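The structures considered in this document are given below.
Shared between the two complexes below is subunit A, which has subunit B as its partner in the first and subunit C in the second.
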Partner chain A sequence: MFPTPLAKTSRTWQISYQVLLPFALIVWLLPLIAVANFSIKPEADFVNGNYWGLPSSFEAFSNYGKVFFESNMPRYLINSLFITIPTVIGAVALSCMAGFALGVYKFKSNLPIFFIFIAGNFVPFQILMVPVRDLTVSMNLYDTKTGLVLFHIAFQTGFCTLFMRNFIRALPFPLIEAARVEGISEWRIFLFVVLPLMKPALAALAVLIFTFIWNDYFWAVVLTQGPDAQPVTAGITEFNSQFRAAYHLMSAGSIVAALPPVVMFFLMQKHFIAGLTLGAVK
Partner chain B sequence: MHSILKTSLAALVAAGVTASSVAADGHSLSGELNIISDMSNPAPRAVMEGMAADFDALHPELEVNLTIVDREAWKTQIRNALGANPPDVVNWYAANRMRPYVDAGLFADISDLWAEPAFDALASTKGAMTLDGAQWGVPYTYYQWGVYYRKDIFDQYGLSEPTNWEEEMANCQVLLDNGVKCYTIGTKFLWTAGGWFDYINSRTNGYDFHVSLASGEVEWTDPRVRETFANWRQLIDMGAFIDDHQTYSWQEALPFMVNGEAASYLMGNFAVAAMRDGGLTDEQLDFYQFPVINPDVDFAEDAPTDTFHIPSGAQNMDAAKEFLRFVTSADVQTEINSGSGLGQLPVNANASIDDDKFLAEGFDMLSNNAGGGIMQFFDRDFDAEMASVGMEGLQEFMVFPDNLDDILMRLEETRQRIYN
Partner chain C sequence: MSVSPAVPSTRANQPQRGWYKRNEIAITPWLFLLPAMIFFAVYVIMPIGQSFWISFHEWDGLGEKTWVGTAHYERLLGWGDANIDRKFETSFWNNLRWLVLYLLAIPAGLFIALFLNQTVTGIRFYKSMFFFPFVISQVVVGLVFSWFYLPREGLLNAVLGIFGAGPVNILGDPSLATYGIIAAGLWPQTAYCMILYLTGLNAVDPEQVEAARLDGAKGHKMLWYVILPQLKPATFIAFVVTIIGALRSFDLISVMTNGGPFGSTRVLSFYMFEESLSEFGFRMGFGAAIAVVLFFIMLGFIAYFLYSMYRDEKAAQ
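Coming up: the complex of A and B.
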């Protein structure tokens, strides 16, 4: 079932493992290495067919300079922040409250409502494309950051509520009962008893949702257009001019766009992994 | 740039030679002029903003409102924009691309503008702006297609620019014997094959036949179409094109030419900038017009044209027409197509062009040596659906020429479904 720990295997296998590992790693990372390499190449290298070789001249400063100072990239990055942060706050706040209600109170439709939240996660989001687009158009939210934020909150809340409800279920219930005996109102129990206990779950969920939303491309393309509302994932295509694709600028732009989630991951690594496994083991 | 344009315009208005003098003498324009433009890439955007500002400055009573829409997005938005609360001027494309909006009555008939003497200078594209015997828009820029070749490689093997099909094939054989492919091409995104079809078909059967085929009046299984493919096949059977071209985009096919593995490229003039970026000098790079195949037909050239139109629901028709006169005048076209602007060709034959040998050759070719007519390129001349099925067929033909019967049957079925 589990792989045998490496230390217990034969010497030959240990050596071949150590040889194979860096090789597999490089193959695995090849696309990323290519993008990083492209982002410091001059445009001429693409016309000459020098895709994989070393850059013929080092153009990192000029490429990244163009990304930051001669394109709409900063605008797109700000849009991404204005879309991602409200979504994280909205989805996490709503799902805490919904999770609290579903996890603590016993009422008849508790389970059905919970199932509805879960069922939402099983809907492939692509099939919602046309109705959601029509909805945002008729609500005058098409091509606005608000429209994107509202949709993301609505769609992420399903997963978040599942996560929060299960976490709250696992909290020691006597704590809540003790608070009730003291005559504390339910609202204050949520705020001062349950919420502090949920900090690890909040952090984990926030990091997870931040990455999800920051990396969203599909809805950004469906619901927004142009630098007024589009996030950075969709904005990168701006480096395609009418006739030519500027691979070097697109690569530099991609790296800039990928940095915030990566930084977030390293800063919050502990919470990120907790988020993926929380509730996996009772 | 704006100030230069303004000065030159002021001078012209003073001299009374611009077309706008007609209206300037009569009555001044007032109210609002709403323009929606798709010139959203950085350089075209600056050009459009400059034009709107200059036109605004010329007509103090008139308020010019410019909205710039993403070029790709505009392709789907235009129908909405023309239907509900239409602006006064919009951007679009020539030829069959106008068809849906002309048929729906959304574009205004501007044949009266084209009847003015000043419009004689735009004669090269009049055919492309004409549908059902009337004109529906005006051109502001185009660019030539043709064969860009490595002059140094041609010199090395003692070759000269071919003028007919036999010379073209003889040149090609010499190159192949020396291990150099004749043509680079990347057909991954299909359209590049459309250029080859446009040229071989119009050189074999003439512009009129090409247009009939594009408008669905001729069967794809017609023997004349087969003749086009037979001519094309001569090159394919020689191995004239680079191998595995179906895996490259047009840009990814450039290295073959830059590195000398292929000698020429049938492409639009926008390829020149890329080749220069790749290190080719103007001594190494040259251009020739696609050679004659059938001496009985005149040259027809691909020159995709970008245009301005007036929606039929425009509120300020006078100002809109005046703007169209403005953008087609020789001086405005000179200015907007210069290297600091669009870097393409002005359509007005009286306009002048930048000192660039490719632009000069292209301008001369389109103004003086395209007697057959100006084609707008496969995907603009043919109905959109026909074009997409068609270009798939062309790519398949280039890779598996033996499938021709199958391909033509498929295209013919599509033609019957679309045009009947």
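Coming up: the complex of A and C.
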């Protein structure tokens, strides 16, 4: 193990490490702690110049209540859900199939197709922007959740296919051969042999894509406008102009907007990290 | 595209089977690939070509396109008698700043990973709290940091005040604003690199470390000659995601400064958006030309990434 395990180091370093750890964490999360502190303060604190001290009274309920009952925030949150969840299902479904095809079968154009999927991942969004917006407008899907979902599914399929294909490659191939010898048709092999083994990959991809799509901002501003279809990342700007300079409300709003992926991460941490660090170990 | 059955049809001696059954292994992969390929072609591959085409036109996004040849590129790069586009120049240099400074996330992530790679009680909690900024959307990170930087209300100036340093208005100062935004971007990016290295450190061969220790290696020598070579896959991924992240920077700029003050924080991706979709008008052709330039900058990196992955793929076969 590197660095030297703490148990084998000097007593002084052991103690200083235990002190350093929480201190480093507080410094690391300082900007976030400040915002969390803002969000439970009463408005009076900002008028009196008590910006970074403790709140003079605990106003979390009234601040967060305003976010939920006196703004468009709930609508934006629901839009985000209706954009994120169909995208997760669509991208995972498409990439399961594509990953199966690229991971199990040998054919000439296998590797070139795989690399097109990888390459598409790295492309700057801006080179897609004008044509994708034009396409969405011409399909009458501008400013709809569907328009956003369709694009997200297509773009995420690149990363998901890379992920799925590599995962399927690592599965024991004799299993598939044995099924073939039994005379099981190929699509049944996919459904009943491979798919059940892919559960960890499915979970990892689902949480990752959920986070990516929930946090998307660029495509939300390019393909939607207004509270009918915009997700919360774009809606937060409108929210902030409604409560201009009311820092206690703006910070409460931001925390609400950021929360769902955070909850997702803490619930499914193992899968999330497994997905994110795919390929970091050979 | 040609379909070549890799597995010779062993069922050829069963003529009663249908055409599909006989060619099942050759056809199935294409059926499975088809939906993903159609989506990807329509939304990702074709638009790249279309952007090239649009960049040679004057277009407001609605009416007819007018062919202008390379006029947009001449204006951007200042070919011929024109001077280089000022906004383009600023954006380009800012992109370079992003690229270089963003790479700091890799050593910073490694440093934190080394710090946290211990087994003490509660270390799992610390690891996930350190990783936590990566999960937050860039929009919120941008807001959080712009409040952190506020000249009067922000915590940064309060902390600086303790050390006697004067108040700074980071996002209001054209010479500092870009660095302020990059620092905000480094926060989640460092967290990402940290988690990559933590996973990598987990897989470091303990026998090699012990052997090196017996040979008297320790400290930075051990890190450089024994540990880092084993972390190479993690470093490669950290490099890929950091470069791509640096060139994709848009959300933070849009939220924190909206390109200002005086356009000093523009990068190519933001400039492109501004030209083609904002209150300044819908100059899609000119915007597409900026996107093409950005694409070519990225293409160098993409080619290198793909080449490395291709080499590994060939070695694995």
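By our rule, the second predicted complex is superposed on the first by the 262 of 282 C-alpha atoms of A that agree within 3 Å, B and C clash if a C-alpha of one lies under 4 Å from a C-alpha of the other, contacts with A are read in each partner's own complex, and residues count from 1 in each chain.
In this text, a contact is a pair of C-beta atoms (placed from the backbone, for glycine too) under 8 Å apart; a residue touches a chain by one contact, two chains touch by 3 or more.
In this text, all values refer to a predicted model and were calculated from it rather than measured experimentally.
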Which of subunit B and subunit C A:Phe192 touches, first, second, both or neither: neither
Chain touching more of subunit A, residue-wise (subunit B, subunit C): C
Contacts of A:Trp13 with subunit B and subunit C, given as first, second, both or neither: neither
Touched partner set for A:Asp134, first subunit B, second subunit C, both or neither: second
Partner chain in contact with A:Phe122 - subunit B first, subunit C second, else both or neither: second
First (subunit B), second (subunit C), both or neither touched by A:Val47: first
First (subunit B), second (subunit C), both or neither touched by A:Phe58: neither
Partner chain in contact with A:Phe173 - subunit B first, subunit C second, else both or neither: neither
Where subunit A meets both subunit C and subunit B, residue numbers: 46
Interfacial residue positions of subunit C with respect to subunit A in the complex: 1-7, 24-26, 28-30, 32-33, 35-37, 39-40, 42-48, 50-51, 54, 61, 114-115, 117-120, 126, 128-133, 135-140, 143-145, 147-148, 152-155, 158, 187, 192, 195-197, 199-204, 206, 209, 218, 222-223, 226-227, 233-234, 237, 240, 244, 247-248, 250-251, 254-255, 268-269, 272-273, 276-277, 284, 287-288, 290-292, 294-295, 298, 301-302, 305-306, 309-310, 313
Subunit A partner contacts - residues on subunit B that touch it in the complex: 41, 44, 69-71, 73, 249, 251-252, 254-256, 258-259, 268, 270, 273-275, 277-279
Residue ranges of subunit A touching subunit B (in the complex, touch as defined): 43-44, 46-50, 225-226, 241-245
Complex interface listing, subunit A residues touching subunit C: 1-6, 17-18, 21, 24-25, 28-32, 34-35, 38, 46, 51-52, 94-95, 97-98, 100-102, 104-111, 113, 115-120, 122-135, 150-151, 153-155, 157-158, 161, 185-187, 190, 211, 214-215, 217-218, 221-222, 233, 236-237, 240, 247, 250-251, 254-255, 257-258, 261-262, 264-266, 269, 273, 276-277, 279-282
